[in-house]
Amino acid sequence: MGFTNMVYPGANHTRFHHALGAMFLMQKAVHVLQSKKVSISEEEEEALYVAILLHDIGHGPFSHAMENLIVPGISHEDISLFFMHKLNKEFDGKLSLAIQIFKNEYPRKFLHQLVSGQLDMDRLDYLKRDSFYTGVSEGTVNSQRLIAMLYVKDDNLVVEEKGIYSVENFIVARRLMYWQVYLHKTGVAAEQLLIKIFERAKKLLDDGIALQSSAPLRYFMSRSGEGVGFTDKDLEVFSKLDDTDIFAAMKQWETHNDFVLKNLCSKLLDRKLLKVEIQPAPFSDQIIEVMRSEFCEKHKVSKEEAANFIFSGKLVNQAYSMKKDPIGLLRKNGEVIDVAKLSDQLNLEALSNTVVKYYMCYPKIMR
Amino acid sequence: MGFTNMVYPGANHTRFHHALGAMFLMQKAVHVLQSKKVSISEEEEEALYVAILLHDIGHGPFSHAMENLIVPGISHEDISLFFMHKLNKEFDGKLSLAIQIFKNEYPRKFLHQLVSGQLDMDRLDYLKRDSFYTGVSEGTVNSQRLIAMLYVKDDNLVVEEKGIYSVENFIVARRLMYWQVYLHKTGVAAEQLLIKIFERAKKLLDDGIALQSSAPLRYFMSRSGEGVGFTDKDLEVFSKLDDTDIFAAMKQWETHNDFVLKNLCSKLLDRKLLKVEIQPAPFSDQIIEVMRSEFCEKHKVSKEEAANFIFSGKLVNQAYSMKKDPIGLLRKNGEVIDVAKLSDQLNLEALSNTVVKYYMCYPKIMR
Amino acid sequence: MGFTNMVYPGANHTRFHHALGAMFLMQKAVHVLQSKKVSISEEEEEALYVAILLHDIGHGPFSHAMENLIVPGISHEDISLFFMHKLNKEFDGKLSLAIQIFKNEYPRKFLHQLVSGQLDMDRLDYLKRDSFYTGVSEGTVNSQRLIAMLYVKDDNLVVEEKGIYSVENFIVARRLMYWQVYLHKTGVAAEQLLIKIFERAKKLLDDGIALQSSAPLRYFMSRSGEGVGFTDKDLEVFSKLDDTDIFAAMKQWETHNDFVLKNLCSKLLDRKLLKVEIQPAPFSDQIIEVMRSEFCEKHKVSKEEAANFIFSGKLVNQAYSMKKDPIGLLRKNGEVIDVAKLSDQLNLEALSNTVVKYYMCYPKIMR
Amino acid sequence: MGFTNMVYPGANHTRFHHALGAMFLMQKAVHVLQSKKVSISEEEEEALYVAILLHDIGHGPFSHAMENLIVPGISHEDISLFFMHKLNKEFDGKLSLAIQIFKNEYPRKFLHQLVSGQLDMDRLDYLKRDSFYTGVSEGTVNSQRLIAMLYVKDDNLVVEEKGIYSVENFIVARRLMYWQVYLHKTGVAAEQLLIKIFERAKKLLDDGIALQSSAPLRYFMSRSGEGVGFTDKDLEVFSKLDDTDIFAAMKQWETHNDFVLKNLCSKLLDRKLLKVEIQPAPFSDQIIEVMRSEFCEKHKVSKEEAANFIFSGKLVNQAYSMKKDPIGLLRKNGEVIDVAKLSDQLNLEALSNTVVKYYMCYPKIMR
């Protein structure tokens, strides 16, 4: 959840909880489907549990926020896959089927959809879990009922028509969780600070300036960028990294003599975050320019350095994609229809549009 | 909740719980508004608690289902008001302000809106409570947060703009609760049986046929229809009525020798409900006609009698009325805008349409 | 729960909920034991579910309170058994094994203990359920953990030693629930009123005075007393009885012209209960005598009649019986020891004593 | 909670949550007492909130486990007090009353007892919170009810007599939480590893061997021992310390070339904990001696070094102290009696004994 606990202090649950929870839901889903005479072999069942248990293992510290900073160009899904292949060697090929399903290379597509799809066990767990721990109770989804309504038609995961209101609610709740939790402006402000900190640290290192950090973090910060692949050594060092390395580094850098690095770190560690404004249209370059000039003058820094404290960006949210992997409802006559067509009430077409909002961050005392 | 516990067996909560819960939320709302410097005097505060505590006291047994059968032409709100006036006499006028607020005759409109409006404490309690006790968890509303976002502008209750997602969710959740719970077809089937039973019983009584029942129930069943007002005596007898009178009557009528009455009662008491089908368009008269004929032949009854077992009707649901009492969002600039205009995502105009579905009931063995 | 909802208004859960819940726990217990290699055949499993589902079916209206009034001399367990035999006939002997287990006539004793014993699924459900619905949260038991610790040794149900704290807590929680909920003085006062009402009604009937009531209730009230067996006809009429019959009768009797009956009914229905005092020693006959005299004089009634309003009795509670069916803990060396011996902390011997408290009831205005 | 999340993975709640929760309960307690006409002035009320909010601020990383390692001879209460004095200066004496109450130097003793006593808001929060997050549901206490039963008699906090069962349950639940959670052997094993790690690290530093760590941690590890007081500088550096410093140090030390340090760190970080046995009597020195010899031979280490991997100790638990600060129950006649005397059922004298259990730790592969 990145820095969500700065907004919702209860949100201290971990990726470990999520992995267990998603596997628990997968067990429920398998039982539901089997009770409806969808055949799932013992091997497929085990593969599903392995795949969902490991689906997020490739996430590094602060997951999405740092995904492109630590290992640029390689997604967490890729790294999950590297881990699975490593484990597959150790376990003499016992994960082969799980890997096939995870990569969607297994003919029975619905098995992949249970791991990664519109209504996969990943989402059904994290939406419910995040709603619970943040206290944003209206973001809850009825995972139990959605799972009870699952069925398989032509190798695709579908939902029985009578589950339509639960599906609509799932889509609306998911969108609410995005705006209210995952894209909450305070969380975004903290995340942006973290990004700026690591970009600055990299720059200083590239400029030959000494910086303390743990060995694994140093390893990745001095590793050259994209397109260099990911070796077994990389994987091993990556597995040593966790939030501790990041926090320990920032705590040390807080006393560094670089103005930018020092200040960004103390803002994040002491929770003196930048102020964030959000609006539907981009912020004018001019406003930003003016504020940066003011900042330069006050703190005797360059424009480039000021850009670490005053900047804008965008937040993107798409509640439901009609085209990519729509949610199919199964009617009693056997027909499967996209929920977007059956729902007469929700504007699911509108919900499937990508919504963009723009934010601007700047030190609280300005403006 | 009428017969909802036939579908969701956990739903055994009572109107007494609801009255206490709504009053509890009212206390929260008063504290929130006062902390935002909305002045509410001690008298107004007490009047709000009285009004919300008594707002539903006029509900008779099985509330909505029997509303028009027991005292035709007089709504439960009217009867609540009769009770309030009665109590007002007993308490030497101490309820006068509560009555004014309840009737929306008090100048400060937002006080009435807290008791009866789009976001009143009544709804905020029953939606959350019914979601909890039915287990339809996705129908929950975040009452606490909605209340925390309340404000008063120009004597109208409004919601701070940042509460927009909670308001959207409230509207969607409410609609879900309607289709999934309040208008659930099994509940509807049971309710229709109850209505047919009492219509039949009244007819038999009018025809001079003896029927056992409790004294208060007999009183209202033999009372002449609409337009006769509601006397103090009526109110006193009404206060003696509860679900017991209805169940006791049906248990006695189950052994009556009238084919229709006996059968309707045993269907309801033994949970052998009629089958219900639901569709977006009305059912053809012809189908109904054919089934009734078949029924007449089989059971040697008249067409009119068959109509107690084979009939159609409609379910009406309007999640949000844009025109009547819209939900206003308060922007930071002080402007108030209807949520339907601010929400770019939900099709609130569509949600504000009245949706009609048609049902047909018939004995399970037919068709 | 009798009249517990007069004290804890949330306690509106039903015996139906409890039956489902106890069966749910039984499923858990069967899976736990099977996963520990305790063999339970498919037939035994089904029999356990049938037995636990039906274990309380013989409870009439207001269960324990009226147990001896409606069918004197025949316990609810006996009636449960009559129902099981009846169903066994209808289902061609399919309940035979369930009946054997229920009666403890099956050689594998632990199966009976799962249905009826110190740690049976009945208790594990009702203690947790009643704690939840009353809000007496400290009375909760960790049913899930207790079940997870179950094992079978020499055909007896035992608990793994490491579950000792959960067992201790179960015993203490159970005792707390008794004093705080099941034997709560307000509930007791209501229950005593109910008993007096039906004793009075019987007396009036025996004296040839007319009394209205539903047919099934009249059947049992005019049935001769103990030692007459229980016929199929009795069972059929008994199955028609529920709380409705009792409430409907009291609502009618509230307007009867017998001073005692009328007053007792209106006290109970209007929640104007008798005052209850509780103390460790019996109340002196003299005090009672004085109050009754006063009452006689004031209301012009006989001493016998006054005894319906002023009376004493005792409450009995035994949290844990060391002798009858002790809870065995299984040590790692295979030995089974009574929890009362292993627990160095709780005074389980003291807890296993029968505790008696004495109460006295009288009209609120007196004393 | 130290390493409790190694046993109960849900237990990731923080001291911050606890501080907020305890303050929330304090608000409830103040309102309850005020509603019972116990006068609490606005200044006292604020002081209570300050005192409870800051009562634990002196806890360093891993609280109890490291309390004597980081700042030997100075308790966390002392450090809390140093922080309060520091804040008191910053806030111009506004915390003076809070400090008086915290130190029990204010004449109205019950105010201190609300912060620190048998039934203080600290315990009422952490027992309930820890029970919730661990899932050890039978360890819950009914904080709400206990608070509702509070009263003040002769400046002492007492409980109304009718709360006796809740008090008994509180004592039993607390004891259960100790054995089941706080003194759980896996948590103890992890804690002992942490202690051994820091003792070893200190020894290496004292021997002049280089060890990486964060600046604040190095500061305290090289600070001389007891009896040196605690300066403002100490306080400032202490405030920089958190779990990150400890974890970061151990992650670095895991690759150190000292056999003992390296191995202890990797055991803790990779969750390859020592095995723990628990028994009521001390373990024989001989057994320990034999195992250590074996270990020395195998790993070519000294006896002193082996003692880091094979050692014994004791766990101490006292559920209720009758002498020190007993819980007084207020009878209706105004008398106050120790719950230990009123409770006829629980062996509170036994519960008030200090229970000692002995443990022995050793590497899993041995024995």
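Lettered A, B, C and D in written order, each chain numbered from 1.
Here, a contact is a pair of C-beta atoms (placed from the backbone, for glycine too) under 8 Å apart; a residue touches a chain by one contact, two chains touch by 3 or more.
Just so it is clear, the model here is predicted, and its values are computed rather than measured.
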(request) Any chance you could name the chains that touch subunit A and subunit B both? (result) none
(message) Counting only Cα atoms for the centres, state how far subunit B is from subunit C in Å.
(response) 36
(request) Please compute the C-alpha centroid of subunit C, do the same for subunit D, then give the distance between them in whole Å. (result) 43
(message) How many angstrom lie between the centres of subunit A and subunit C, each centre taken as the mean Cα position?
(response) 53
(request) Please list, in label order, each pair of chains that touches. (result) A-B, A-D, B-C, C-D
(request) Name, in rising order, each residue of subunit B that touches subunit C in their complex. (result) 9-10, 12-14, 16-17, 20, 214-215, 240, 244-245, 247-248, 251-252, 255
(message) Applying the document's contact rule, which stretches of subunit C touch subunit D when the two form their complex?
(response) 136-142, 145, 165-166, 168-170, 172-173, 175-176, 179-180, 319, 344-347, 350-351, 355
